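I am attaching a structure below and will ask some questions about it afterwards.
A, B, C and D label the chains in the order they appear, each numbered from 1.
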Amino acid sequence: MEKLTFKLTKKTITVFVVMIAIGLIALLYGVFGGPGPERVAANLLLNNYYFLSLGLIGLFFVTVHAISESAWHTSVGRIGEAMAAFIPVGGALILLFFVLGGLHAVFEWTHEDHLDAILLKKTPYLNEPFFYIRSVLFIGVWAVMAHYIRKVSLQVDHNGDIKYFNRLRTLSAVFIVFYALSSVVTSWDWLMSIDAHWFSTLYGWYVFSSMLASGVAMIIIVLYILKRMGYMEHVNVEHLHDLGKYLFGFSIFWAYLWYSQYMLIWYANIPEETVYFYERHKNFEGIFYVNLILGFLIPFFALMTRKSKRTFSVLIPVSVIVIIAHWVDLYLLIMPGAVGGEKSGIGLLEVGLTIGFIGLFLLVTFWTLTKAPLASKKHPLYKESLDYHTNY
Amino acid sequence: MENKYFKSLEELSIDITRETSEKPAGDKQFILEMQQEVKKMTSGTRRDFLKAFGFTIASAAIATSCEQPVRKAIPFLIQPEGIIPGKANYYASSFFDGIDYGSVLVKVRDGRPIKIEGNTLSSITKGGTNARAQASVLSLYDNERHKFPVFDGQETTWEQADEKIISQLNSIKVKQGKVVLLSPTVISPSTKAAIDEFVAAYPGTEHIQYDVLSASGMLKANEKTYGKAFIPSYRFEKAEMIVSFDADFLGTWLSPVEYTKQYIKNRKLTSGQGRMSRHIHFEGAMSLTGSNADHRVQLKPSQQKLVVANLLNVLRGKMGMDAAFLPASPVEVEKLADELMQCKGKSLVVSGSNDAEEQMLVNAVNHLLESYGTTILTDVHTKIRQADDARMDALVQEMNDGKVDGIIIFDVNPAYDYPEREKFIEGLKKVGLSVAMPVLDDETSYHVKFICPDHHYLEAWNDFEPMTGYYSLAQPAIRPIFKTRAAQESLLRWSGNSADFRTYMAGVWEQKMFTKATAEISFTDFWNKKVHDGVFETGEKESGINSFNGDNAFAALNSIKVESSEDSTDLVLYTNVSVGSGKHANNPWLQELPDPVSKACWGNYVAISPRLAIELNLKNEELISVNGSPALPVLIQPGQEYKTIAVALGYGREKAGVPANGVGQNLFGLIGKDAENKKYWLSDVNISTTGGKHPIAITQSHHSMEGRAIIRETTLEAYLENPQSGNEVRLEIKEHLKSMYPKAEFDGLHWGMAIDLNACTGCNACVVACSAENNVPVVGKEQVIMAREMHWIRIDRYYKGDPDNPEILRQPVMCQHCDNAPCENVCPVAATTHSNEGLNQMAYNRCIGTRYCNNNCPYKVRRFNFFDYTGADTMKGNRYDPAEMTTDLRRMVLNPDVTVRAKGVIEKCSFCVQRIQEKKLKAKTENRMLRDGEVVPACAQACPAEAIVFGNLNDKESMVSKYFADQRNYHLLEELHVLPSVGYLTKVKNKTV
Amino acid sequence: MNKYLTAYYLDEEDLLKGLKKIMSKGVEVSDVLTPFPVHGLDKVLGLRRSRLSVVAFAGGAIGATLGFLFQAWVFTRAYPINFGGKPYFAVPSFMPVTFELAVLFAAFSMVFAFLISNNLGPGSKNIIHDEQITDDRFLLVVKMDEENEERIKVVENILSDAGAQGITLKA
Amino acid sequence: MYVSPIREPLIKGGKDYSQVTKDIMAPMAGKPSIYWYVGIAISGGALLFGAWATFVTVYYGIGSWGLNKTIGWAWDITNFVWWVGIGHAGTFISAILLLFRQKWRTSINRSAEAMTLIAIACAGFFPLIHMGRIVLGFFIFPYPNTRELWVNFNSPLLWDVFALTTYFLVSLIFWYVGLIPDIGTVRDKAKNKIRKAIYGFLSFGWTGSAKHWSRHETVSLILAGLAAPLVLSVHTIVSFDFATSVIPGWHTTIFPPYFVSGAVFSGFAMVLTLLIVTRKALNLEQYITKVHIESMTKIIILTGSIVGIAYITEFFMAWYSGVEYEQYAFMNRAFGPYAWAYWIMMTCNVITPQLFWFKKIRTNLVAVFIISIFVNIGMWFERFVIIVTSLHRDYLPSSWTMYTPTMAEVGLYVGTFGLFFTLFMVFIRVFPVIAIAEVKSVLKSSSDEKKHTHHE
């Protein structure tokens, strides 16, 4: 008999709680110990943003496959839904972070005395009230939509009525349109405006591609953990292959956008743009290339063959690497502007805090997984999802 | 102080002259060969001549383009002395077209004059040239030159012509008839001597001078105030306060090159003197000079005299003299008078009016301000305007009355430019003997019996005395191309003197000039030296000038009336810096030269103020007629006085040749007359629309800088407080200049150019010089309308402020030779690359014409050959030559050192790389380093304002490096980090904000 | 000289079923000709996965390497030219050509390998057993020893037992 | 393979394999209809117009166009990018939809790919003809020469040469590899000897062997895997033509994905335009069904929305950047002398495709056809807006000019239409417009007939 209902063991909870504790300790160390408040704030933003985005990518996956009526994803759809449960948590945390001084610690434009001519011109957009309005609005809508999408998705499973299936599709379409706009705008607000003078039209999509790749990696990891626990038997190697392809494809996509943005700025060499990479080359050169190796070269070569996409023994290490890669990516997006070359670094604070966030994220995700059957058996496409094979 | 900066430049030019022109052009053996060749030709058509010419001169250089079909090039069997193939010789000469004077050097390559440079030995023009002097080399190769003597429309020989003319002259002499020799102002001592000889031979002869652009009013005013009709010499460099009433002294008034040289001495701030003259300009139309003024006051021409009178009156009042009761001045003059008073003895008031009364008033003003002796010299005369307008009018009447039996027309074209030209032509028909001695085909030649063509000035000997004691010489730089004869020689021949003019002239000089020489012992030495130098300055002064007599002026002051009603619309007839009086209308370079103010070329138009245009509901290019004149298109000209309209003279030629004919309309007919002088303005004109439109070729259609820091400017006050003022943004830009890759290193030379926006007046000399030096094609009106002009250097002109009375800002822009050039990156075939001396270079042969570089050039200085403008391509249909620039004759002006570009390739400013190369090789053969200022691009060399400095940026002591280090220096669009090699110095105006 | 015994089905599911039956009886089916790729057929026939992907990878790797090295050689060794101050070793600029050549080489090497390994190509004269196989027939071909007529009979029977139609023997 | 009952059938009319063969090959058989002749006459006329314009351009020079000192590119590169964009749908359908296992692609991939190849040919014509010295065009190839001069690998135009060549060749072999089995079908159905010989030659000796099929599938898949990034790369590189520059309105980092998405957008629009007519004319309505058309409209909504977001992003960023040149460039687009072009673009590209959110419009063929043409127009104007309005007013106002096309330019554009339709009409007579084998392979799972009878 398939194990359809997931149960969270005490052991697992303990692991997550310990991880959260590590994170808290690292935070305390950061505040009272060495690295100082700027670095703490930047790290909080990084992790907040990262895991909130992973939650959103979970929801994005659910919705995108709902509107594309793709069958195979129904088998792993619950994972995305569970990740999406982190949205209200992460959203609350990031708002809390902004309110509790994070905004001032990280964003230069919030300091009125720091505004030069160019920043003054941007104040109609970059001002605190409007910033909060946007943030609250986006987070609120995400959370509400996540809630409803989950609800309708569960109704599909309970009921199997095509009505809910269609409703899910409509809701998904609404979410995707909203998310397409809001993900771009939040990436400007929460990340790009750290380097307030700098701008890049591709930025929003670049950050999205980064999150997309790490989101897939996270789904694979969660799937693996569930499988290890003996769940998710209906997920076969074909599904894994599809996830592997996503990981492979999105890593290339990320590299493609990375190259597009980098090359264009490198080529035109206009100071108002190059200042961004100039800083990253100057003080973050090593990690700059590490990011590329982890985020592109390793997944690209490791996942090139068909076989590697079908085996956990390759997929899991690659997924972990990809998750690290995009953490590094965010690090490169945030630190040079928020902390600066001299003060930033990767130490206990960074590692500990990230572990804490992973713990929290997984706790929320797995706890949500207990709330509903792991397979949506009455889903109109469920049957189809079991019977297919990928050739490639 | 100033001289220090340009010392090296002078050295350079002296260098060239000394070294290469030890001998006058006529090397004997060479000339002998030439003559033999020419003799062989049975009929002397141009084509035949050219064949011979091509063979003799071995002008392999024409075949410069790779796509040019191979032509026979035969090397010299015996190398003529003094000619080294591939090496240019420079000959000193003088340019005088009856309007402008300039002492010049003629660059001759393989027997062909190809370029005019300024002669730095002249203390009048000091190495400066204007656009017309630069362009004059092209008229040597004008397709419409008279090629042989003509009698009754048929070709004849000189012998036959002489015989007939002499016999007719003699019969006139016998019946004691009257012969008139009609010429422009003659400033040539030898010509005058020849004329005297002619008059002596035919005692009934009267020599009448006729100036198209007349200063007759000033001559008469001076006669009344100083007892002699003369034009004084001005010293703008001594003036701290310049007030000009419509005198366009930087563009067209009297001696603009001379005045520009003087003017900029007090305008440049690069030597750190921290002082500038203040220039206030009154005018109705928008002139080059007005647009350079610190303060420009709009004033209708019909009110100008009244304002001058009021100024005089106020000054008199301030000096405790009794003031006259005058109608009120339409503009405020109190403040002006105060300012002038403060600069007493250091001020200069000039007027461009041809009204004797007004000039008298101006004289009185200057007298009160004690300008005479300091900024105006009465003992040194400017001799280039001598004509009395009334005399010419009388002549025309006499001709019509049948009182003239013979007329010899020398270098004037009244059938085109006399206000009542129909009457002149009628009169001419009644003259028994009519002889014209033109160089180029013109309207007058069609109404005379004899055409006895004169040499082009580059083929002829001549001498000049443009100012008292300043003599200069002209020598042939090429053997006459056609069967022409010096006009003076014709006169001598008809007077029975068989001497050739060179000999005659030498005789005159031996008698008159050699006596004034101090350094040389023998005349031969003296002669050789002066021919080599081109100038001879004696420092002599005029005598017989009375002291100032203010009676007439005071009488004039008292009789001042309001000349026009408030709502009168005035018309100003002006000449522009390109075709001028129309004499040069057949010069394609000048036709294509955009007006410095309107940026229009290829034709004239009616400039109208924006307000008046709205009032009359006129749009740009709509055709209107002024007082029944031929219809002209409207051009709405910001800055034009509300009720003043302006039209350029010099257009509407009918018999000048292909580029000139039918371009614009001839408005000489509208020139009016006051008591005795020509009047270049009219009041109460009547404007009527004629329906229809006529396109105006304009090279710049957007006139605002859109708030961008393109031309940076400040006031003198602000500058003195902070030299960076106006340029503050640069500090910020420099702070942000970050690059993704290291700057390229230039270990040897790194060429750079600096342009002082304060010096640049926008006169356009550089544009023509560049075209001549770099074989820049002429594209014609249609193509200019399509915005396809090819100029490598352009002078951007922006309006600032109130559209009814804007300020004008100008900026010469050429390829900026960016070290991070966006254009180079994108060329797929590597046709444009960066040299190790920092030059942005074009390999024309490699270019396939994707135009990508041009798209990516932020300055849009690259030019694409949309058609084959030069005859360098092989495909027939590609040829596009509306100005007939590809005839064999015209092509002789091409510079063999510069590739002639084919259709479909991009071209652009090269920093005159051929000149760089030439000087580098020279330095190398002399085993030395290049000197700063040794390499001078054509634009910099032509500039009368010394606004352009070129040199090695790696040499921290070079002039250009010093300019670059100046706090006024900035680079255009520097924020893009394209690293331009051209720097600009902010414009500083002496005004209060 | 070999002979071929051919038989066809009109439905791919029948084919798969029949084929399994036939093969279980020890008949070696040398080929199955179908109008479109039938899923599961390669498993039944025991066909190995194609190694064309290796060829593609090799081709791509060669293309990319050649492309990159050629550009680098031109810019840094053969004729270094200063273009707009860009470094001679302008890696970002080399990427597009490198990528395109990788794809070009990969695609062409693989397609050529495909054609060669299948003996396909312009003018290739492969035996066409039945003109209907490009329409609606699923034909199976059993290679027969000409001498062994008995075996032919046996196989014919097996085929007809398995529901195959139009059993014919061809040279 | 199980297919969920909620899915609509892709092939209607209860076809069997033999019927599929017959239906799809029908347009190739017999004499062409009168419509075909009318069509080829019209497109042939357009082609002649183009030939005249080509002659004018070469014989008189680029001066016969409306370009000037400031605007070096206008219709030429607009048309180039437009055609390249259209050339994206075919390979996108064959490659990316294959990777995403979208079965509906099987009915349209053949014709879409043919369209791609023709469109690339049309596109490739413009960079050639736009050269000032077309006879020296071979300079762009890095061939060894006595001057030892190579090409500039920094130049996006050079990248274009490589990208377009590669794209054309790879698309060609991809298309041809897919065509081989169908040519085999044509060969086997041919009655006439010559026809048989020709198609026999072209079929490369296809036998339909299981081994061949297996390898064929692998090749198709890997080619799809290669073509997918290739498709992205081509328009990415085309976008680099502009984005690498320093011209405001050209230099923006979003261009690569935005151009790709725009290309797919316009490509699908063109496929729709063509197929709505073709399916009717060739009686293929049961193969190219409303499901296909709806699926394509969905891709149009997706890509159109991406393009729309990109427009908004660009506009916002221009303001946000604080760079006056950027700000001016975008204000000039929207409110300058070429505002009409901008608003045509906005209307056609952003607003009209949004109508596809409504199922009623998606399934209304007339509406879809009209909107698809709107999108074609809009995408042409997008390139025109990017190229001309960015160039005509860039940094120094002194050089600002306007642009008006000439008859020669119009002729070249119309001429490529002539080429496009002529070749497409030849194609429908010469090759099966639908991939016969591929349709058969999904027939069981996706036709209406089988649906009800199919049991697990």
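In the analysis below, a residue touches a chain if its C-beta (ideal position, glycine included) is under 8 Å from a C-beta of that chain, and two chains touch if they have at least 3 such contacts.
Note that this is a predicted model, so its numbers are computed, not measured.
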Chain occupying the most central position, where position means C-alpha average: D
Farthest-lying chain, centroid of Cα atoms versus that of chain B: C
Rounded Å distance between chain B and chain C, as computed from the means of their C-alpha atoms: 80
Cα-centroid distance, chain A relative to chain B, in whole angstrom: 71
Where chain C and chain D are represented by their mean Cα positions, the distance between them in whole Å: 29
Between chain A and chain C, centroid-to-centroid distance (C-alpha), Å: 41
Per-residue multi-chain contacts in chain A, two or more chains: 263, 265-270, 272
Where chain C touches two or more other chains at once, by residue number: 39, 53, 81, 83-86, 93
Chain D residues counted as touching two or more neighbouring chains: 1, 149-152, 154, 156, 158, 217, 222, 229, 240, 244-246
Chain B-facing residues of chain D, complex: 59-63, 65-70, 72-73, 127, 130-134, 136-137, 139-140, 149-152, 154-158, 161, 241, 244-247, 324-325, 328, 391, 393-402
Complex interface listing, chain A residues touching chain B: 265-272, 274-275, 277-278, 281
Parts of chain B lying in touch with chain C, wherever the complex brings them together: 741-744, 818-825, 827, 830, 833-836, 979
List of chain A residues in touch with chain D within their complex: 69, 71, 117-119, 121-122, 125, 162, 165, 173, 177, 180-181, 184, 188, 197, 199-205, 245, 252, 256-257, 260-261, 263-265, 267-268, 270, 272, 380-381, 383-384, 386-388, 390-392
Residues of chain C touching chain B in the complex: 81-87
